[in-house]
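Here come two complexes built around chain A, the first alongside chain B, the second alongside chain C.
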Partner chain A sequence: MKISKEKFGQSFDALTAEYQVVAPVSEAGAVNFKTAKSFSEVKQDYLNSKLPPKSLLFPQHEKLLSYVKEGKDITVKNELKVGKTVLFGIRPCDAKAMLLLDKVFKNDQYRDPYYFDRRDNTVIIGLACNKIAPTCFCSSMGISPACSEGSDLLLIDLGDSYNVEVITEKGKELLASLGELSELSAQEQALVDTVKSAQTTSKVDVSTITAKLDKMFDNSYWDTLHEKCLGCNACSFSCPTCHCFDISEEVIKSEGSRVRTWDACMAPLFTLHGSGHNPRDKKKSRWRQRMMHKFNYFVHNNGDIACVGCGRCIKGCPVNMDIRQAIDGVNKAEVVVD
Partner chain B sequence: MEQNPYLPITMKLIKNMCETEDKLINTFTLQFQNKQDEENFKYMPGQFAELSAYGHGEAPFGIATSPTEPGIIKFSVAKVGCVSNALHLMEEGTMVGVRGPMGNYYPMEEFKGKNLVIIGGGFAFTTLRSMAVYMLDEKHRADYGDITVIYGARNPGLLLYKEELAEWETNPNINLVTTIDRPAEGWTKHVGFIPTITEQVAPSSVNTYAVVCGPPAMIKYTLPVLEKLGFPPERIYTSLEMRMKCGLGICGRCNIGPKYVCKDGPVFSMAQLKELPSEY
Partner chain C sequence: MNSIIDDIRAAARQLLADGKVDVVIGYEKGSLPLKSTPCFVRSPQDADKLIWDETCENNLATYAAQTAGKKAIIAKGCDSRALMVLLQENQLVRDDLYIIGVSCPGVIDKNKIEAETGEIIEATITDGKVSVKGIACDKEYNFADVKDATCQTCRYPNPVIVDLKIGGSVEVPQSDFADVIALENKSDAERKAYFKEQMSKCIRCYACRNACPMCYCQECFVDCNAPKWLTGGVDSAENLLFQTGRALHLAGRCVECGACSRACPQGVDIRALSRKVNKDVKEMYNHESGISEDIKPALNVYSADDPEEFLVKE
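Up next is the complex of A and B:
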């Protein structure tokens, strides 16, 4: 079933009255997810956004609480605020990444209310990829350019209309306010089938990576892998599954707030103890941590590899480090897997 | 309503006391401000909490009191950074924030019916004190066998909880051995590093658990001694430190392999640590 873009655009504009509608828009020569007021702002023909849409649920900078000090007394205010949001146009890799973030922000003991109160109030309209970038390798990570995992509705661009697929109850509810659907023509159906069967051309093999990494903590592979890395963190900040954060204090006189900001395991201060001891004081150990976390620790804790093959870390790296090569390197390491 | 684990409860700093002659370690006594907060703060020896000095930040510290001491909690903190400095300088009566209790705890159930040797070095004695006080409580003392505490510091002035140690000296329910690194005037007890003294005074490993906390070098050289004395890795416990922020297993910095020290620790047996990479 399809909906015309004209009709969809009208519904989109109407939604902005009730929801914060976040969509891909042009920003400083790139495409990023921002609040859009009208469908006319929305960028359609993009490969993927420069930064991942994770910031909608996990902002780069966010107040957790605020306080006022008066002498020895303190008044603390919870800064948790949530509104209803529609996230339009995210790619299947990023929708899948949201499912991975869900596993981080809720564990066997705790649930992060800042993340989940937003998450539970967000409807995700995924947009399948008609074009595939050379850095995309989602097909190797168990998804594909038209994968519906993580989306509530999945759209496929048919030119002047969208093919609409309802994935969840939430999606079904939102669809009711989007307008009438009509049947696809045979030609459109053929296009849908093409997009759905598409695979990325770039591929890596992750079939044995977790088992191999189980035995590779002390492997000499890490001695050289990190060498050209500058430690700039571009890979972590542009990764849709990276979730490490810092909590710090912002204070002016007697008023302050506690904020959390994105942080990254590639930063040397990330693990520095008060005593001066630093368990990951070498770039080698930080690169090992990055690889281990994504392809081994996360799998042990959550059952999934924490990479969706979006390729942003490859595009963003100033020294052309490529996670696909890093994966290949693990595959080539001489380690016997049971 | 669900608790927001990032929101601290407010507690009053009722005592800010210097513990050591180098003036680098203070013990903060915090008072619960209402019954509800205290009831929600059910903890066990070995757990930690995130302590907020508003305007400066928050940091994780092991809880030095035992749950058998109602109304208050205490932390003994070395002055090393922004938050600890602010706490050291804080006037009594100031309100602070506390999030917790966090992490796991010493396996007090598993210890029942067993002898305990508690080995501590320097100011890593805080949660060990909590455990000793817990076991010495009249409700719990009968659950445990012999309790031996081996506690060392560089010199007498750096030992924590001096009044309590003096009381333990004469308490028949606990066998206290204190040691200092080098001879000092007026010191009549043991002189020597913890591993050496442990070898001399440790009780039989039969039916005994060892709990070791201290600087990395002390732990490194004490473990082989315990092994020699016949303690298997399953019966040696320690508590680890890591830089932490959230304390909830989310922010990603305190992991050792797939385990988060904040949520899956800080207490680990040597058998558990042997399964993890040596990145701590």
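Up next is the complex of A and C:
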């Protein structure tokens, strides 16, 4: 079933009255997810956003609570602000990444209200990829350019209209406010089939990586892998699944706030203890941690690899560290069996 | 270019075979079109992976101090200037360093190309032409038109300190601070708007700082939490505070390699700030950093006849 872009655009504009509608917008030379007031602002032909949409649910710098001290009285204010949101146009890799973040921010022991109150109030309209970048490798990570995992509705761009697929109840509810659907023509159906069967050209083999890494903590592979890495956070901050953060106090005189800021395992400060000891004081151990967390620890803890093959870290790295090569390196590494 | 590559490989092979160095730091072919990647060659038989072309954009001096042992470094003009400043600031031991100098034709600004062609699928560089197959379109460029902005204003493409020079010299382009003057001539409001837009893109990943050979502080002011000079907030004002602080810290030390701007995954015009500082340093101290062993860093010298009285108080 399809909806014309004209009708969809009108519904999109109407939704902005009730929802915060976040969509890919071109700003300062890059496409990123921002609040859009009208469908005309939405960038249609984009490969993927420069930065992942994770900041919508997990902002880079977020005030958790604030406080004022007057004499002996302390007033604490919860800073969590939640509104109903529609996230339009995220790619299947990023939608899948949301499912992975869900596992981090909610499990049987805790539920992060800052992330999850927003998450529960967000409807995700995924948009399949008609074009695939040479750095995309989602097909190797258990998804594909038209995968519906993580989306509530999945759209496929047919030129003048979108093919609409309902994935969840939430999606079904939103669909009611989007307008009438009509049947696809045979030609359009053929296009839908093409997009759905598309695979990325770039591929990696992760079939045995988790088991292999189980035996690689002390492997000599880590001695050289990290060498050219500058230790910046470009890869982590552009990764849709990286989720490490730091909590700090920002205080001026008697007023302050507790803030949560993105942090990353590539930075030495991330693991620096108050004592001055740093358990991961070398780039070598930090790169091992990056690979282990994504392809081993996360799998053991949550059942999934924490990489969706979006390729942003490859494009953003100033020294061309390529995670695909790092994966190949693990596959080729010799493991000494006791 | 090919004979330069052969000579670089031969030199690396010989240095490693003779045991004169433990490692040669150079470039190898990258995993993406128009991208090289730094490499560390430790055995003579690996020397053949070294390359040299217009994609060799990283400043390898950044790796000099953090790489143990005796090292040879492939140095363009700007890399050599960085090594010179690091030597002057006692960050490197001259005897542990072997500088293989290569004159630089300038490096490619891949972002400029991708803004038109979309993500690059394939590309070749031949005889000053860059042919690109992109996701959006295919296009052929004259190298001069897609040369990195830094290289267009470079006054030192030829290495200033070498142990071995490979290949001939390249012509030194005429350059002034026209780009800085254009920015200075803007109104306050225009300049503010420009920096506000640029700084809004910064995600504080610190790729600029980490790519910079001169940023080697054990604890950067942005990482210090007692006192906390700035927050982790990523609004334009906080970002500008970081970028301005960094630019001022590089006064009289920046070698204008442009590694900061090229490293930026967000395309922030970081150079605009350091270029302004460099122009001021040139005008006030008639100083350019890292161009001669005899010239001391502008702001690191003490003189009893300093015109500023507070500096010479008994």
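Throughout what follows, the second predicted complex is superposed on the first by the 334 of 338 C-alpha atoms of A that agree within 3 Å, B and C clash if a C-alpha of one lies under 4 Å from a C-alpha of the other, contacts with A are read in each partner's own complex, and residues count from 1 in each chain.
Criterion: contacts are C-beta pairs under 8 Å (C-beta built on N, C-alpha and C of every residue); 3 or more make two chains touch, one makes a residue touch a chain.
From a predicted model like this one, the values you see are computed outputs, not experimental measurements.
*Asks:* Should A:246 be classified as contacting the first partner (chain B), the second (chain C), both, or neither?
*Replies:* The answer is both, since A:246 touches chain B and chain C.
*Asks:* Looking at A:301, would you say it contacts chain B, chain C, both, or neither? Reply first, second, both or neither.
*Replies:* Touch status of A:301: first partner only.
*Asks:* Could you tell me if A:217 is touching chain B, chain C, both of them or neither one (first, second, both, neither)?
*Replies:* Only chain B; A:217 stays clear of chain C.
*Asks:* Who does A:322 touch here: chain B (first), chain C (second), both, or neither?
*Replies:* A:322 contacts chain C only, not chain B.
*Asks:* Does chain B (first) or chain C (second) touch A:29, or do both, or does neither?
*Replies:* Second partner only.
*Asks:* Taking the superposition as given, does A:233 touch the first partner, chain B, the second, chain C, both, or neither?
*Replies:* The second partner, chain C, only.
*Asks:* Taking the superposition as given, does A:67 touch the first partner, chain B, the second, chain C, both, or neither?
*Replies:* It touches chain B, and chain C stays clear.
*Asks:* Please write out, lowest number first, the residues of chain A touched by both chain B and chain C across the two complexes.
*Replies:* On chain A, the residues that contact chain B in one structure and chain C in the other are 246, 248.
*Asks:* With touch defined as at the start, can you tell me which chain A residues reach chain B in the complex?
*Replies:* The touching residues are 64-65, 67, 69, 72-74, 76, 78, 80, 104-105, 107-114, 217-218, 243-249, 251, 256, 258, 260, 263, 265, 270-275, 277, 279-280, 285, 289, 292-293, 296-297, 300-301.
*Asks:* Please name which positions on chain A make contact with chain C in the complex.
*Replies:* Residue positions touching the partner: 28-30, 47, 50-51, 60-61, 131, 133-135, 224, 227-228, 230-234, 236-238, 246, 248, 250, 259, 261-262, 267, 269, 314-322, 324-325.
*Asks:* Taking the complex as given, what residues does chain B use to touch chain A?
*Replies:* Residues 2, 4-8, 10, 52, 54-59, 78, 80-81, 84, 91, 93-97, 216, 241-243, 245-246, 248-258, 263, 277, 279-280.
*Asks:* Can you check the complex and tell me which residues of chain C touch chain A?
*Replies:* By the definition above, chain C touches chain A via 30-32, 35-40, 58, 62-63, 115, 118-121, 135, 197-198, 200-201, 203-207, 209-211, 223, 225, 228, 231-234, 262-267.
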